[in-house]
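Read through the structures below before going on.
Shared between the two complexes below is subunit A, which has subunit B as its partner in the first and subunit C in the second.
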Partner chain A sequence: MKTPLRELWTGFRSLLTGMRVTLTQFFKPPVTVPYPYATLPIPERYRGHIELVRDPETGMSLCVACKSCEKACPSGCIVVEGIKREGDKKKSPTVFTVDFTRCSLCGSCVEVCPTEALRFSRRYNLAGTDREAYFLDLLKRLQAQAASTPTPATKA
Partner chain B sequence: MSTSAALADAARAAARAEGRETFVLNLGPQHPATHGVLRLKLTMDGEYIARAEPVCGYIHRMHEKMGENRTWAQFLPNTSRIDYLSAMHYTHAYVAAVERAAQLEVPRRAEFVRVITSELNRISSHLVWFGAFLLDLGGFTPLLYAFDDREKILDLLERITGARLTYCYYRFGGLYNDVDAEFLRGARDFVRYLRPRLDMYRELVTENIIFRKRLEGIGVADAELCRRYGATGPVLRGAGVAYDVRRAEPYAVYPELDFKIPTHPRGDSLARYLVRMEEMEQSLRIIEQALDLIPEGPFRSKVPKVLKLPPGDTCFAVEAARGRFMVRIVSDGRDIPYRVKLRTPSFSNLSLFEEASRGMLLADALAFLGSLDLVIPDIDR
Partner chain C sequence: MTLPEPYRLAAFVLGALAFVGLNAAYLVWVERKGAARFQRRPGPTEVGPEGLLQPIADAIKLLSKQVIVPPGADALLFRLAPAVVMAPALMTFAVLPFGAHLTARPMSVGLLLAVAFGSINVMAILLGGWASRNKYAIISAARVVSQNVAYEIPLLLVVITLLMITGTLDLSEIVRQQAGGFWRWNVFKLWVNPLMPVTFVIFFICLLAETNRAPFDMAEAESELVAGAFTEYAGMGFGVFFMAEYANIVVGCALATALFLGGWQSPFGIGSGVGWFLLKLYLLIFTVVWIRWTFPRTQFYGLLNLSWKILIPISLGTLGLTSVLLKFIRP
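Moving on, here comes the complex of A and B:
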């Protein structure tokens, strides 16, 4: 006789505990964010797809087309071509593309770059309807960024 | 009709006459209770399982083979994708194996950060398991609470590593980048935050009568069975064996830290549950101590740009969230591995399922399967 009674009591207590926990939660602020009306801050070190860094003085890419990143990439998704332009000391890139569909966001390319010409973008809400949207042309992206936020050199 | 088909028909008719007819039930590869693409071919005798045959390989990605055609460093991103819930531990085993082979020094600060991040990762992994397991058992709410807690860990780790799941944070001879004071403060706050939450879980879930009745005596995997199949981690500790790689083959700075290895003798699903819940508390203790002891200093030692390992064979094991994870690397002196062998805990833990689930009710077998905490990519790798 004793066991069923005790079980009844434990069951009742379980029920009350559950209700108490739910009720306390009921008065707490929501833990979710109503995306897309509000977004969370993206941390500084967030690893989005890579992008080229601009030289703050010239507004050009810091890349010297050494192809280290191309070699370091485990997935082989970077293609860099460069030429030495007339009057320049270093090479500069003419082609810089990333196949983001294959990128594992590992950061090898960023780490290996001798001139710190690469960084992670903080673009996170990626969605697309075709594959082509992820064959990124980083030089174009750099130009677009330069157009929207001019540096002292490009402004002049 | 061929003779074999005729024979099979006759056998089936005889079985039907004797009342021991069976049928095959496919569980998975797309089934919410298998948490991934695991397929179980169940031969059922009514509601009871006569034989459960796991069919693996649906998410096989050739991680070991991939290791053989890239440099030592290029394999790093793979290590966080084998068991995606316990990425830190897997990267740890791999970098430590390479460090052992190349005899690289790791700065003390880096070792402490590795311990802190690994333990945070263990807690987040257990929280996912906790939520998903209760979901399997029919309780939806704890999942939401668990994910809320886990979110705090992910935010912390995202701040320093840049990723929320596939951290790839350790490097040969140290870390990808240093942790800052805010992370250390955040980790301490998290310890303080999670303790009362664990108490709440104990009250809400562990002491719940429905939950206990659902798990007590279900899916018994005793020490002998675990030994035969090589099961490790909470499955083995739930069978009463205090085996933990952090103590059995000490690595990093674990010998300096004080923590208990929780065990439960009964070997049933509830024992495995209790072991994991206690492990979270122990992990909090480890984090606290490591935060007190962490020294200032460099976070990465000097490593040659093109890493070539001396010819030889090196193993390194860590205690991942699911058990013993071991990496064996074989080098022939080049900058590319000759062989990367991964010993994953989920595979062994799944192996005992076939024997232990014989004669169980299907609904109980699902509770048993959940209590094994399987990660399918970890099985197939």
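Moving on, here comes the complex of A and C:
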């Protein structure tokens, strides 16, 4: 007689404990992020599509159009063309496009780059309604970035 | 304060309909908001400030949907079931004592009427499940019946215990007997029966089971029965079932308030009024939501075991104890 009653009491008490736990959660603020209105900080090492790195001194790309990335890309989605401009010691890119529909984000291009001119972007809102949005022109992207955040060199 | 009879009747009918409609709509909002807060989410925020217009948006969506009667279903019963589930809940509002003078029809058999109409709800779900011609719906209908048969017994035993103490079925009279401070409420009448709080807990558990609320929502166990008896219902047919669920919760919690928590009586003995009734009512309803989002759904065997092996023996015990104490201790 005693054991079933004690079992009943401990069982009932455990229910109350559970209710106390949920009630304490009830009065705490929500932990979710209302996504379109707020976003979580994107981690430093997030692997988005690749983008060109700017030379902090000149504000231009560090790329020397060596085409190592084009060759290293297993999906063949990078196209680089470059010319040697008058007075420059090295070549500079005239075309740098990525077909992101085929990219597998393996990072071979970033690893192989001799001048560390490539990095992963932290762009993650990558939904789109047409295919053309994913044929990325990285030189244009670099110019857009330069326009929004000028380096000391370009300001001067 | 006393209107001529036809106007009084019309006022109460309108009032009850408005109260049920408002509660059914906004308890959905309370439920969703409460569920969200228990899970540390914000809940509905998009439609109106704090999502307050969400119930209206939901109602418009449901009203604009087609009511489809599945082929092979019993069309009459299928369409009748939502009406049958809603009507008894509305009827019970006739006897609920909201305030000292705020009862549509104070009846000497008020409690009996409330309990009698309360169990029609089960028949409606059975009808809906049976008429749907859907195997999940039929399983759900069978479950609802055995669940409600099992929980009606401890519920009524507890009500009888209470009746022996109050000596009347008139809900207003029961509340009037609990006047003068919270220690006079039936749930704290420990000198009559030291197990009064236990009877209240049993009543509340049975209320959850009778209204098919989690953790006893075996009728609508989504993970196993799709939506149980409501599987085939679309549009407002489903909407009415949904509203009836909340209307039944309001009725159940109002009964618990009137029977155990002193109805409109203030806990300090002064300043009694409708406000106290509504406050107690909504605290109980909040507890119902709280329980739903705390405990997972029980197994069907566990559900029946709880009733037959625990609740019925205990409620029989309190019934016996009360009768003995009433006989020998009070003159």
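Heads up, the rule we're going with is that the second predicted complex is superposed on the first by the 125 of 156 C-alpha atoms of A that agree within 3 Å, B and C clash if a C-alpha of one lies under 4 Å from a C-alpha of the other, contacts with A are read in each partner's own complex, and residues count from 1 in each chain.
Definition applied: a residue touches a chain if its C-beta (ideal position, glycine included) is under 8 Å from a C-beta of that chain, and two chains touch if they have at least 3 such contacts.
A quick note: this is a predicted structure, and the numbers were derived from the prediction, not measured.
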Quick check for you: in the superposed arrangement, does A:Val31 touch first (subunit B), second (subunit C), both or neither? both
Should A:Thr22 be classified as contacting the first partner (subunit B), the second (subunit C), both, or neither? both
When the two structures are laid over each other on chain A, which of subunit B and subunit C touches more residues of subunit A? B
First, second, both or neither for A:Pro43, with subunit B first and subunit C second: first
Touch test for A:Ser14: subunit B only (first), subunit C only (second), both, or neither? first
I'd like to check the shared interface: which positions of subunit A are touched by both subunit B and subunit C across the two complexes? 18, 21-22, 25, 31
Report the residues of subunit A in contact with subunit C in the complex, numbered from low to high. 8, 12, 15, 18-19, 21-23, 25-26, 28-32, 34
Counting only contacts in the complex, subunit C reaches subunit A at residues 34, 36-42, 45, 201, 290-291, 293-295, 310
Spell out the part of subunit A that touches subunit B in their complex, as residue ranges. 7, 10-11, 13-14, 17-18, 21-22, 25, 31, 43-47, 72, 74, 104-108, 111, 120
Which positions of subunit B touch subunit A when the two form their complex? 70, 73-78, 81, 141, 145, 148, 151, 158-163, 166, 168, 176-177, 200, 203-204, 207-210
